[in-house]
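Sharing a structure below in structure tokens format, with a few things to ask.
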Amino acid sequence: MADLRVNIAGVNFKNPVIAASGTFAFGEEYAAFLDVSALGGIALKALTPEIRPGNPPIRIAETPSGILNSVGLQNPGVDAFISGILPRIRRFDTVKIANVAGRTEEDYYTVIEKLNDTEIDMFELNVSCPNVKQGGVTFGTDPNSMAAIVAGAKARAKKPLIVKLTPNVTNIALMAKTAEDAGADAVSLVNTFTAMAINAKTRRPVLANVTGGLSGPAIKPIALRMVHEVYRAVSIPIIGMGGIMTGEDAAEFLLAGASALMVGTATVAEPDAMIRILGELNKFLDENSAATARELTGALEY
Amino acid sequence: MIKKHDICRVASLEPLAKDTYALTLKVNGDMLKYFRPGQFAHIRLPHAGEHLLRRPISVNTIDREAETMRFAFLIQGEGTRRLSQCRPGDELDILAPLGQGFRVKESHQKIWLVGGGIGIAPLLSLRDTVPGREYTAFLGYKSREYAYERKEFEGFCKAVHVTSDDGSIGEKNFVTEALRRELEKEKPDVILSCGPLPMFRSLKRVWEEDGRDVETQVSMEQHMGCGTGGCYTCTCMVAGAMKRVCMDGPVFDIREVKL
Amino acid sequence: MADLRVNIAGVNFKNPVIAASGTFAFGEEYAAFLDVSALGGIALKALTPEIRPGNPPIRIAETPSGILNSVGLQNPGVDAFISGILPRIRRFDTVKIANVAGRTEEDYYTVIEKLNDTEIDMFELNVSCPNVKQGGVTFGTDPNSMAAIVAGAKARAKKPLIVKLTPNVTNIALMAKTAEDAGADAVSLVNTFTAMAINAKTRRPVLANVTGGLSGPAIKPIALRMVHEVYRAVSIPIIGMGGIMTGEDAAEFLLAGASALMVGTATVAEPDAMIRILGELNKFLDENSAATARELTGALEY
Amino acid sequence: MIKKHDICRVASLEPLAKDTYALTLKVNGDMLKYFRPGQFAHIRLPHAGEHLLRRPISVNTIDREAETMRFAFLIQGEGTRRLSQCRPGDELDILAPLGQGFRVKESHQKIWLVGGGIGIAPLLSLRDTVPGREYTAFLGYKSREYAYERKEFEGFCKAVHVTSDDGSIGEKNFVTEALRRELEKEKPDVILSCGPLPMFRSLKRVWEEDGRDVETQVSMEQHMGCGTGGCYTCTCMVAGAMKRVCMDGPVFDIREVKL
């Protein structure tokens, strides 16, 4: 039984497995399938200042070893979250991360300020959602916008700030470094790759939104490379993700440089996947004589 | 915790009609205990490999004594094709039962079932779960080759109205037109319906014109991810809000759901 | 039996299925498995001025629905190609495309000038190989370098010039437009995504080169999106690729905007895959009442 | 065109030793016609799904009359695990025969076979393809549990020297040390060898010290893509040039190949 505890930007996690934003709703739904308090943390569904209906359906497509989604940040708005949902998820004894989104810089700041005095433990700045036409992803692809919004968020946030990076860039190490220099306490990567599926018979895109975000094992090799590159570029902790389906996948991300992990698509495929992954990671550590999960971080030999 | 996620053994797989199969699984007691008609299972494909998504299939019949659940499905693509190749003894990873199902109240004594194509399948589960009501069924098939389970409906319904697109079985008519004809004569306490979107659109017209006071529930389809409410990919517009078909549905009130 | 002929930059292809560079060597090896002359064309293995040994092995790894390679442009050099190999592949009645690579701009020009008076039909400028440390990929990620090398190559090339784009960029439409404006006669995309695989037990990268290029069905949704984006940005023809394994995949790329297709990983998995894909594409066109392959190009409805 | 790519039916799958299996396939005549010892097949996994790459496995024995090819393999990972679950009647997509194999000349009358672990398997194909020579075998196993096919070698070799790492079968020694001892007594016309890289490194030392004049051929392993010479991923350094194991090899001269 290895020691799975990790610490990210001063926050203690009982283990490094965190639900990825947008794939675990606000956690409640999963109480029927697993002990939510057994998870290291949960990144909640993205929150914006106002209620958002998201994109029209069809919103999901299956691709080889991957899935495409175009949910488009559907959420009840930060106020409804605070009054209606937060009191119900208080009972989960796990780190709660608010995924913060919006169209404008002000949107992000509004969400942060409203959540500052709640029991949310951390913020995850979602500057990388490919499913919204304006805002979102542009912050994540341009270093100047990135610097501005991270600095602005950091100045307002009373909790540690994670910046979630998009993989749709030429140089992700540069974007990570920009976030670090602007005050980010940690980075998480990767969000989804902008992609599309076509139904050749109908000659139409499968998704109503035309494009969506690709996640799952298909992208794991690119995500691993990016975590590895970012690890060499920054000194803040990294939360790695992209196609983690097994404990061994989790170990690979730790070795590449991650201090903790997020799991998204695996949960979509199998509601209790994170519990299985935790068990497998534990077993992997034992079998490979690692006493802690922490010692794997960046321990890749090459 | 109720065991809603389990590995279940295939008890049998039989052809029902053209491209249509019945799959019977041996399931655990928890899956049957709280089962309500109209609920579905989310089935991981055999040798799933590169296929990450499960396939949602409504429960067709249940047998609490034998501890089995049966599904009827139509081959549409790779997923349903693979399911049609299952053999007894194979294992399938399933989530069940999911969704809210039909909301049948005490006051619903006279129940009309309106099904189109493979949408007929979930309606049969009423027989096993809500016995002792007065049922009438309206079954719309594409043609005789695709017709399945008519006998089963005759076994528990007072009347069964069969239509087909080409008249090769029953009357050549839209199933919703057969419904209209009967609605003009009498009204049930509730209409429970499942079928393709175009059928629901006709149903809505018939309902507006001849059945406005009759509570009508429709079971919607949508492409799904998790099936468990986590990913918000399976939405449809209900009373102005984006609802999840997997968790808030699949059954919605025809007055509220945008078709 | 649909009409499969296509024309790219004035060159006639009997059908749109072309072997992707680096996966079909110089074609000879495949005479044992298929009728090479039945293919629309073959993009030959990358050529550099001098012989290159490539990267050390292990050079390949399997990933979910993908493969990673780090061959690193191993080739006999353009002179040995012209004297030793070209005379032997003359017999194949198919469009022969030379994939041109190098470290410096001069390297590319040398290869082009040496091949100008041979029976090579087209050049494919490989500014996108992720497996060489210097050169290569930098030309493909920076618009200024791209403009310079394409203009330089165009000025020297006596055959039509295809520019092969890397997907490892923030804005591939911009890179394609840059290539078009600098004189490219066509673009081909995508080359591989920089990625890595880790063996968690040994704690080492699987590839000796640490990173490699990801190809195969895993990347198809991203490749399709990029072809679609480029189609809206340029008016020169597009050769699409990335995970084409079936005739229906091929049709999807045509619909997204490609005029022809390249097939790489499918050949690695199955030597005669291109013949199967051609048959399937033909059948698809017939069953979906398309009289020509050409009419699918860009015919996506949305 | 010779039919080197075909769907072949599994005739049998038997355990040979711990984690070691023999897979026999019914193959087409073309695959056997030009077969040379040391060649391999490139096998697509059953239900390959997300696994795009084939697995290279040397031919262990052939039977021209029954039109079968047999492979012996050791479970290493997912691919070989799946092969070990094949059942008679299953179909496998294979490419065979690939590579150059051992180059046995008329002058090679006295042939010594040196195999380590699963590398012993391809050496048995000499029995079926180059009969009438004087064979001596040196077989190195990890331990008794992993020992397989010793009997078969005894059936056609003048002498069989068995070693194991732990002495649980044969003498406790490196197989290359057993070879050294015999080389000090006499020299064969050729040594044909297959085994892991560390064994080849010892073999090279033994060869340098005691067998410099003896032609020695080693069968190399490398991670492979196509198996057919197209992708250049399977290289090793031979006489200063990067050669393809799949097409130029897998057998190379010990003087030339970088170990």
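Note that the chains take the letters A, B, C and D in the order they are written out, and that residue 1 is the start of every chain.
In this text, a residue touches a chain if its C-beta (ideal position, glycine included) is under 8 Å from a C-beta of that chain, and two chains touch if they have at least 3 such contacts.
Computed from a predicted structure; not experimentally measured.
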- Message: Using the contact definition given at the top, which chains are in touch with both chain A and chain B?
- Response: C, D
- Item | Of all other chains, the one whose Cα centre sits farthest from chain A | D
- Message: How many angstrom lie between the centres of chain A and chain C, each centre taken as the mean Cα position?
- Response: 34
- With chain centres defined as C-alpha means, what is the inter-centre distance between chain C and chain D in Å? 36
- Query: Counting in whole Å, what is the centre-to-centre distance of chain A and chain D, each centre being its mean C-alpha position?
  - Reply: 48
- Got the chain B residues that touch at least 2 other chains? 50-51
- Item | Interface hub residues of chain A, defined as touching at least two other chains | 64-66, 216-217
- Sort the chain contact graph into one of these: line, ring, star, complete or other. complete
- In their shared complex, at which residues does chain C touch chain D? 22-25, 29-30, 32-34, 45, 53-54, 57-62, 64-67, 69, 71, 74, 216-217, 265, 267-272
- Can you list the chain D residues touching chain A in their complex? 50
- Message: Which residues of chain C touch chain A once you look at their complex with the stated criterion?
- Response: 63-66, 68, 141, 168-170, 193-198, 200-205, 210-211, 214, 216-222, 224-225, 228, 243, 248, 251-252, 255-256, 284, 288, 299-302
- Query: Contact residues on chain D for chain B in the complex?
  - Reply: 47-51
- Message: Help me check something: in the complex, which residues belonging to chain C touch chain B?
- Response: 64-65, 217
